[in-house]
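You will see two complexes here that share chain A, one where it goes with chain B and one where it goes with chain C.
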Partner chain A sequence: MPDLQELGEAIKRGDRDQSAMLTNAAIAAKVPAQEILDVMVAAMDVVGQRFQKNEIFVPEMLIAARAMKESLALLEPLLVDAGITPIAKAVIGTVEGDLHDIGKNLVAMMWKGANFDVIDLGTNVSPQKFVDAVRDNNAQLVGLSALLTTTMPAIKATVAALKAAGLDTAKVVIGGAPVTQEYADEVGADGYAPDAASAVNVARALL
Partner chain B sequence: MNGRERLLAFLTGDSVDSLPLMPITMMYAADFAGVKYGQYVTDFRALVESQIAIADAFDFDFVSCISDPAREAADCGARVAMFEDQPPAIVETDALLASKSTLSTLTIPDPRTATRMGDRVRAAALFRERVGDRKLIEGWIEGPCAEAADLRGINTLMMDFFDDPAFVRELFEFTLELGVQFARAQVEAGADLIGVGDAAASLVGPEIYREFVWPHEKRLVDELHAMGTRVRLHICGNTTSILEPMGQLGCDIVDLDFMVPMDKARAAMGPDQILLGNIDPVRILRGAAPETVRAAIAQCHQQTRPRYIVGAGCEVPRATPEANLRVLTDYARSTMP
Partner chain C sequence: MKPRERVLRAIHHQPADRVPIDVGGTRQTGIAASTYHRLKQQLGLNTPTRVFDLYQMLAEIEPPVRERFGGDCVGLYRPDLVFGIVNEGWKPWTLFDGTPVQVPGGFQPQTEADGSLVIVQNGVPIARMPRGGFYFDRLEKFPGAAHIDLDGYRPPLLSPEVCAHYRAQSQMLYDQTDCAIVAPLGPPYELFYGLGTGDFERWMITLACEPDYVHRLYDCLVTAWLENLRRFADAVEDRVPILQFCDDFGTQQSLFLSVEMFRQLIMPHYQRGLDWIHTHTDMKVLLHSDGAIFPLIPSLIEMGVDMLNPVQTSAVGMDPVQLKQQFGQQLTFWGASLDCQKTLPYGQVAEVVAEVQQHLEIFAPGGGYVFGSVHNVQANVPPENVIAMYDTALNYCLE
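Moving on, here comes the complex of A and B:
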């Protein structure tokens, strides 16, 4: 019986080789895909909480997310076979004029870790590009990140563009250092998350 | 005392007539002088005239060559996007060192003749000509970690610490030497002090900071001192977890961003370290009422005095009300350390 707990630990440590090896072992031993997935998701939750508490920092978080991503890729065919689909389709990006992407990447990885299907549009994404991606992919969740006070208005413009395009059924979560709950309320976003770990909880609650 | 006298006296521990004042202005200075930022970063004359205008108007004790992090990377060959009225941006998706093997082919550009570094060296020289000994002249370089992030891509560098420590060390050797040479050219041209911006260092925790970043920052600081100049270290972001080692670098000035509690910094670095900062640039300096700005700067001072220099946590943001910036001037000029 492969050690699923060890798999969780390998992901938390960001040990991509070990986590891939243990994922393959679990698959070979016919552990149900859902069980393997649950272990990975739980591990990423812990990683997010440690980051929130300043116990780990950006490098540790990035390698953990990478290990998770690679293990998830190994598991994907089995998830499809078992009819286990991602719980939501999400589109995420940093808003127009803004090139900061580390925080956005962490949110994207945490969302992937929570079994969302995430389409990452990158940085400097125009409102129209968000609209097109949400429409083309039928996304239920949209993540907007802004790190500059000067680019916060682009959040507002993107929310407005989604509404104008009739895509307001997709839930919009916003975040980034200068962004606040009040700002989310003001621009009509559905949710605000101060960090990557809470971005998962906020999204889960909205869906 | 003029600004240069005040700062030089303060740095050596001599008595001064009021608190020194060194807020970072870049886009704010350009806007103030009616210069587009694209011109500010490419024409040293525009930068120098804007800096002198703002420093005179607000009685800053210094003028600075700081403008954007992309100068060294651009001259090394990195792809950099330029804008009419925004800071240049390194194109991270097409990073110069996307392939690690490119490192061995890189050479350090001659800072005096390379396009963007040379422009900054000329700024230092023109400052000397224009301000003489009235104000302290600050040169600027990227720190070893920030420059490594500029060349390699910041997201990738963060994983390199685990994936390939030997590569990181080799890269930091290069960025350290690049910084030293760039600094030397600015000092020779007239800079009195070198500002070192090592923003990416705030993203790593204490272990990686101590193992990889600190030894290179330390060597940089020592080399700068050996060339007879002074050092201001600024790491954008939350550096609370690395305050202690930062205090052991021997920098003349440690300039802290707003997320760092100043009392903690004082406790971690001891009574002699000169601290600079650190009111919240956006929420307080730009966004709050003058009374709030005053209370915030007074608190920074109370928590760190007497070895304290007035400034914001980072760049004074665009569209900061002049009345708010004036509060910093009034506080500095009316208060003793």
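Moving on, here comes the complex of A and C:
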């Protein structure tokens, strides 16, 4: 019997070789795909909690997310065969006028680690591009990021565009250096996440 | 008291006639060109506004503006400050928000189909400003992000021409202003944050997984930095009291990296440079690092940092009282004026005055404080708030 607990530990430490090896071993031993996936997602939850408690930082979180991503790719065909789909479809991007993407990328990784299907639109994304992507993909979740006080108004414009397009059912989570809970309330966003780990919790609570 | 003496006394924790003020003495305490232009209109100044920092679109602070707000510092920069474009041959330009400015003649960006401006160097796009944007962002991959091959890698050194410029410019600033000269001269690339430009995630993974590679890269960069410091110190002699280097170690929520990783990987290399500065010159070292970096400050002091900017008191754990109490004896705080993401752009004048006054009362006593904006004053800030910010500091009386 492959050691699923050790798979979780390998992901937490960001040991990509070990996590891939243990994922393959679990697959070979015919462990149900859902069981393997649950272990991986639980491991990433611990990574998120450690990040929030300042026990680990960006480099450690990134190597854990990389190990998760690679193991998930190995598992992908089995998930498809078993009819297991991601828990939500999410569209994410940095708003128009803003080219910063470090925070946005971290959120995208953590969302993927929580088994969301993430469509990353990149940076400098216009409100219309968000509207199109949410509609075309039937997304239930939207992530909007801005680093600058000068580009933060584009969050408001994007939220307004989504509402105007009748896409109110998609939950909008916003974040970025100048963004606050008060601002989220003001512009009508559904949630605010101060960091990448809490973006997972906020999204789960909204879905 | 002359500005230069005022700054030096503050840095040495000695009494001065008032708190020294930095108005654009660094590229992190400057003013965005469009705000600067509107500020000058309020002050009745009709001179052209020059964009001296094309990357951040910062205004060149003119002496009447600096003097109006009691600015005590002035920056000493390379002639080709950013993107290899020399600040000369000024020509008219209009910013996306309609502000009329002047830019260096060598600034010739291409306009893409979506209206973005792109700076192309030797046929390669190196920076882009989206239409309606306020900054350029770099498109290049710096050595850490590119994971360069270190065999035969030679970081850039200061040329004799640049050193001659430093010599002449420092003499000019010393003779023609009474201000304390601040010169940025860190390693050829910021060892932590800057090296990741272009692919930050890849660089973070390298830091986590390849310590030997990282140490070799740092050795190479710091060896070049030491040579540059020698050349610089020879050029400016004793005219520059403050040497600045930049690196961002914090997000607004926490450190980017653990204290342990900082101490093992990064600190020994910065310390090589700072030890050289303190051993061979009288210059004091000013570090610019944004974010929630409270837990790192003891290591920064141990490493040889004398002054810390911008002191982002709105970041998690950056409590002004705790900062002053715990580190005020060993460190000079540089910036720390108010919350420049909320109060300065969106607050009322009275709120700006109150917050600045409160911070002055915490940071000013006993010296060790240079007042300045917390990072550059952005493009959306009302001029009356900028005036209130500086005037509150200027009128603040030391006990």
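Quick note on the criterion: the second predicted complex is superposed on the first by the 207 of 207 C-alpha atoms of A that agree within 3 Å, B and C clash if a C-alpha of one lies under 4 Å from a C-alpha of the other, contacts with A are read in each partner's own complex, and residues count from 1 in each chain.
Definition applied: a contact is a pair of C-beta atoms (placed from the backbone, for glycine too) under 8 Å apart; a residue touches a chain by one contact, two chains touch by 3 or more.
Since we're looking at a predicted model, the values are computed, not measured.
Asks: Superpose on chain A as described above, then tell me if chain B and chain C fit or clash.
Replies: Superposition result for chain B and chain C: clash.
Asks: Between chain B and chain C, whom does A:138 touch in the aligned arrangement: first, second, both, or neither?
Replies: Touch status of A:138: no partner.
Asks: Which holds for A:195: it touches chain B only (first), chain C only (second), both, or neither?
Replies: The answer is second: A:195 touches chain C but not chain B.
Asks: Contacts for A:14 in the overlay, against chain B (first) and chain C (second): which applies, first, second, both or neither?
Replies: both
Asks: Who contacts more of chain A, chain B or chain C?
Replies: Touched residues of chain A are more numerous for C.
Asks: Kindly classify A:169 by the partners it touches after superposition: chain B alone (first), chain C alone (second), both, or neither?
Replies: In the superposition, A:169 touches no partner, neither chain B nor chain C.
Asks: Just to be sure I read the superposition right, which of the two partners does A:85 touch: chain B = first, chain C = second, or both, or neither?
Replies: Neither partner.
Asks: Where does A:5 make contact in the superposed view: on chain B (first), on chain C (second), on both, or on neither?
Replies: neither
Asks: Once the structures are superposed on A, label A:122 by its partner contacts, choosing first (chain B), second (chain C), both or neither.
Replies: First partner only, chain B.
Asks: In the overlaid three-chain picture, which partner chain does A:60 touch, first (chain B) or second (chain C), both, or neither?
Replies: both
Asks: Which partner chains sit in contact with A:34 here, chain B, chain C, both or neither? Use first/second/both/neither.
Replies: So A:34 meets neither chain B nor chain C here.
Asks: Considering each complex separately, which residues of chain A are in contact with chain B in the first and with chain C in the second?
Replies: Residues common to the chain A contacts of chain C and of chain B are 14, 54, 56-60, 62-63, 66, 97, 99, 102, 105, 149-150, 178, listed in rising order.
Asks: Within the complex, which stretch of chain C touches chain A?
Replies: 116, 128, 130-135, 137, 200-201, 204-205, 207-209, 251-258, 261, 341-342, 345, 378-380
Asks: Of all residues in chain A, which touch chain B in the complex?
Replies: Checking each residue of chain A against chain B gives 14, 54, 56-60, 62-63, 66, 97, 99, 101-102, 105, 122, 149-150, 178.
Asks: Over in the complex, which chain B residues touch chain A? Could you list them?
Replies: 86, 89, 92-93, 154-155, 158-159, 161-163, 203-205, 208, 240-241, 282, 286, 317-318
Asks: Give every residue of chain A touching chain C within the complex, in rising order.
Replies: Where chain A meets chain C, its residues are 14, 54, 56-60, 62-63, 66, 96-100, 102-103, 105, 124, 148-151, 177-178, 180, 194-195.
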